[in-house]
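Okay, handing you the structure first.
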């Protein structure tokens, strides 16, 4: 695994726990962690039980005792590592977004397909039980013809002009490291979920804004640098199935900490979701008895709900970290079968194309067709 | 109509509006309003279009041009007026609670039954569409065997020791005028609803408390008087149908303005309600499809919902005042048929027996059987 | 008053009730109702106490005993009536949207300004106490710099292809009578509220869709006609204050009956609202004590809340109809002072310009600047 | 650790994870697991990484290489194991309820105090961040004088008469193993939380019910046995601080999976909580600005919230299992200091006294004073 930040912790935790909760043919071995800062890395690796560590990812990729590379480092490192890992025949688990842009993503996807290595992108929210339940509802056909898809992903942690950019923790505000702002960080999630639940998008029209034009550099106190990422982004969309989509994301929505929502309105039923209450799914069924129609708040903790038979008992929720464990379990189960791992690089590339079209549309003020 | 306070307004409004919204064989004529304070009464009567006014209720009752007496004055006046009105052969619409205690209530009930006059008690919450919908659900048998009934009625307006007692506005805090505190004022509502939805109670065990022992008199600044009403009351109950009940009421629940709630748990379904969101009914149906169970929030504004075809269109709510108009419409429709008016004095007497048992139990610390 | 439909009822009710609840210098007299169908009109007028009736609006406008004209008839009648009424020196109260398009609206606005007659447009949702409270919060400056404004207006009553178009009840689906679909009917509300709370919009980019291409004519069973209105519309917007806006409306959102929502995210605070729970306002204040931040659900029923001192007591809600009564009270109070009546034709024309730009943008796929 | 059921899993998980997330002086070693069924035990121990296992708890207690005994086995085993473990000088972590009754609990408490061994009872809900935040609010004095405490703990998993009793999984329905029904299983949680937040109870008055009188034995198909536990229990209470309490618990509340709620109403503020939305705390502050009062929904995921700085980032929730990890971290930190571990046997004994009084009151229909 490369990277020891927030995602490094989440992934390490998943590797350590997955086999206690899922019956799997494979068991991850925490062979080596990798990062540039050796001292911090050692502390991290010791804490999580990584057997060894490397400060140069190229050495990691070159090791024979390693079967899989987990790319948990910032976005601008994904391409090189993925290409090298694929060339070395390693399985790859890559954090989202797949890449800095679709061009990079395409190269990465081509590389893993050519190498024939198992690959996955950590779009962990597909593994929220309530979202997986929404997918089941869609697959059963309960919704009927879909008219509307609307999604928001709102946060509020960059409102203060004092939040710096760059460095280990705040690279998400630095265009050179992140590639984009909320589009790649947050809307990528929304788009991945949308494609999974409602199929491909065909065209988009977007606007973006950077509210704070300049921020201090975290690593060089006193120095400032223009902010080039999108602080906020909203776009209209049309889906292949004829439905209309609206998407919005920002880090300037005071009071919204991690409000990742979607709602799908179909002819016969609707579903809605909010990550801030991730254990619930809203569901409205037009086939309910006359006079008793109402939005149901499904507490997604029963044994028959996705993933929940592996955890505790009805009424006992799981949390953020479990989405990674569920994802890893799916990946490992996938290795045992011929079933396509999902979402893989190819799926994530679709999302990347949408992100690119969104950013391009925001620049030129036109509708953009999705490749 | 006797009384020009809060209830006087609500009733006057109902008399004026009912025929515009309901198709009825009868149309109320606002013949005369009555209260002791002639000056205030005149202003009130003029505002609402009452054709005349009286300052002595005995004169009102004696008038030949009046068919119905509406008792909207404080609790300690109900008995005498009702007896006189019944003796005079007038229809009677009486505010709740029926009386100061069951003894008075029994005398009133006997009087109207002997006189054979139409009678109703304004338990207006039966006419909240969502509560009426709950009744329909119960009647359809959706719940199955009932295990639990729980009710709360919480307010917070008497927390300050500066709130005085007595006078025109605050007689509800004066034991001599009100008869009791939250038990007669708020729990009477909860009990009436409970009996309507879940049948008779058979026994109760209660506790009461008076948090503020002394309050100033509103009409005599500087003078204080001990507070003798129950500021709060909670009781356990058993229903005839074998279910268990819990009831609680207070005016000391900071943040709860008018939180009148109930929940019924049956074998196959449950319902719940909160007056602070009176346009919604919660409903959980165990017969829903596996994996899609959830509490529904029914927006009770559709044409097929009780009373709502008389008002606006789906999605447009009615408010507090409409419960009185709905009640009046039911009363007037009842006059056209042989159908028992509901709730009448006899129904309200049942509630009064429960209230008395509750207060008695709170005093002696024992379970009390309901007569 | 011209028109006896849904709005005719709401307005009649307002005229009858306003003086019982508000202390006003003026009292409306229900002089005459007007509509083409004389028989239905008579029933309507009798029910509501209109003193006389006319079947030709030109005669109504010509009458000397009438000071004010209320235009509650379909959109395609607004222009002619307003021009005539202004010419006759009558005050005008006009239903929204102001007109079929901005060109008509401009003519109407010019006419009333030239004539110097009092005028108002019934954007009744400004008079929802919770929305008026939001306005107070904005005016106090609690929000700080605003980053985002998002609004939705979702309904579901036209999903069935069996819903016909045209006729007295369903003219809202007929382009020739309504001028547009959800844009004029629902988004006009959202835009009016947005301008009131967040100031003018400067540019928009929209998409619209007509999901059901053909519907039966209500008045000519068996015959169908293409549907030309917008069934759904979504648009991106930029406000003059630098904030970003997203708007969406549809009549195809299964389960949403009248979900008119908005949320404003400011630097220091946010507010949110949903018409389906119209008695509540969401409020998040960043200045709350650390660790105790949270969205407040303000129950807007206290005496200090807008309009609520005129109605019942804390905890007792008002409903849909009261927005019209509150609006009328504001209008009548406005007549007593020099204060601009609000929203008047000029305000409504601003909204109309936005609507026109939205529809135009949807057609040509470009951003449109607001005049 | 003794026991490999639901709690055995939860505790094992806690031992394995606690040191990755908390900086602690101690690190648990998973020395040995113990249960009677050797085969199942082996599978369990292997899965969780227990180094060895025993099928006789007496052998476990006798081992020198063990410092602490975790009692995760059914209630009727707590006494003997605890006495033996204390005598052997082991630290003890015991599942709740402490014992079958207060008599046993007293003996256990005396034993650990005499032995001077560290001891804790797993009342894990004290470690829900939102409940810990409620405790902070209470300690800061935000509430002022407390008037009311109300708690519910509702589930619905025993409604079907087909649910058997006894055996490894369903011993909670067998009086001989569980000691009581919802009182010891669920209300013990509610009472522990109540004492922690609102101080000691002084008297109670209860009712209980057993709705299904006979159930099949899980281990002996075809045989039935009378059900002796309390299926439901409700009680009134008085607290030492003068506030009134109401408590209710059942396993027959259709639609409530794990609805453990409480609300405290104080003079100046109120708090409320529902375990089904465990990441939120309701808070109403009377000191908020006039007109802007409202219940806040605090999303308890910020770094300044209890425990949350050890987990992920704001907006990312933790789940059921983390309450055990937090509890264990507190226990281990407690070992490093002189600070009393909390809740220890003595605290749990207080709860046990209340449970006993509740069951006794339900039997004799009288108020019972708490020892």
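Letters are used for the chains, namely A, B, C and D, taken in the order the chains are written, and counting of residues starts over at 1 for each.
Please note the rule applied: a residue touches a chain if its C-beta (ideal position, glycine included) is under 8 Å from a C-beta of that chain, and two chains touch if they have at least 3 such contacts.
Just so we're clear, the structure is a prediction, and the values are computed from it rather than from any experiment.
A.B. asks: If I rank A-C and A-B by number of C-beta contact pairs, which comes first?
C.D. replies: So, comparing the two chain pairs, more contacts are at A-C.
A.B. asks: Return the chain whose centre of C-alpha atoms lies at maximal distance from the corresponding centre of chain A.
C.D. replies: Max centre-to-centre separation from chain A belongs to B.
A.B. asks: Using mean C-alpha positions as chain centres, tell me how far chain A is from chain D in Å, no decimals.
C.D. replies: From the centre of chain A to the centre of chain D is 36 Å.
A.B. asks: Suppose each chain is reduced to the average of its Cα coordinates; what separation in Å results between chain A and chain B?
C.D. replies: 54
A.B. asks: Mind checking the centre-to-centre distance between chain A and chain C? Centres are C-alpha means, answer in whole Å.
C.D. replies: Each chain reduced to its C-alpha mean, chain A and chain C end up 41 Å apart.
A.B. asks: What are the residues of chain D that contact at least two other chains?
C.D. replies: 293, 295, 299, 302
A.B. asks: Applying the document's contact rule, which stretches of chain D touch chain C when the two form their complex?
C.D. replies: 133, 136-137, 280-281, 283, 285, 288, 290-299, 302, 304-305
A.B. asks: Which positions of chain B touch chain D when the two form their complex?
C.D. replies: Interface residues on the chain B side: 147-148, 150, 152, 154, 156, 159, 205-207, 209, 211, 232, 234-236, 238, 242, 244, 246, 248, 250, 252-256, 263, 265-270, 284, 286, 293, 295, 365-367.
A.B. asks: Which stretch or stretches of chain D touch chain A in the complex?
C.D. replies: 6, 10, 12-13, 16-17, 19-20, 47-48, 155, 157, 257-259, 275-279, 299, 301-302, 311-322
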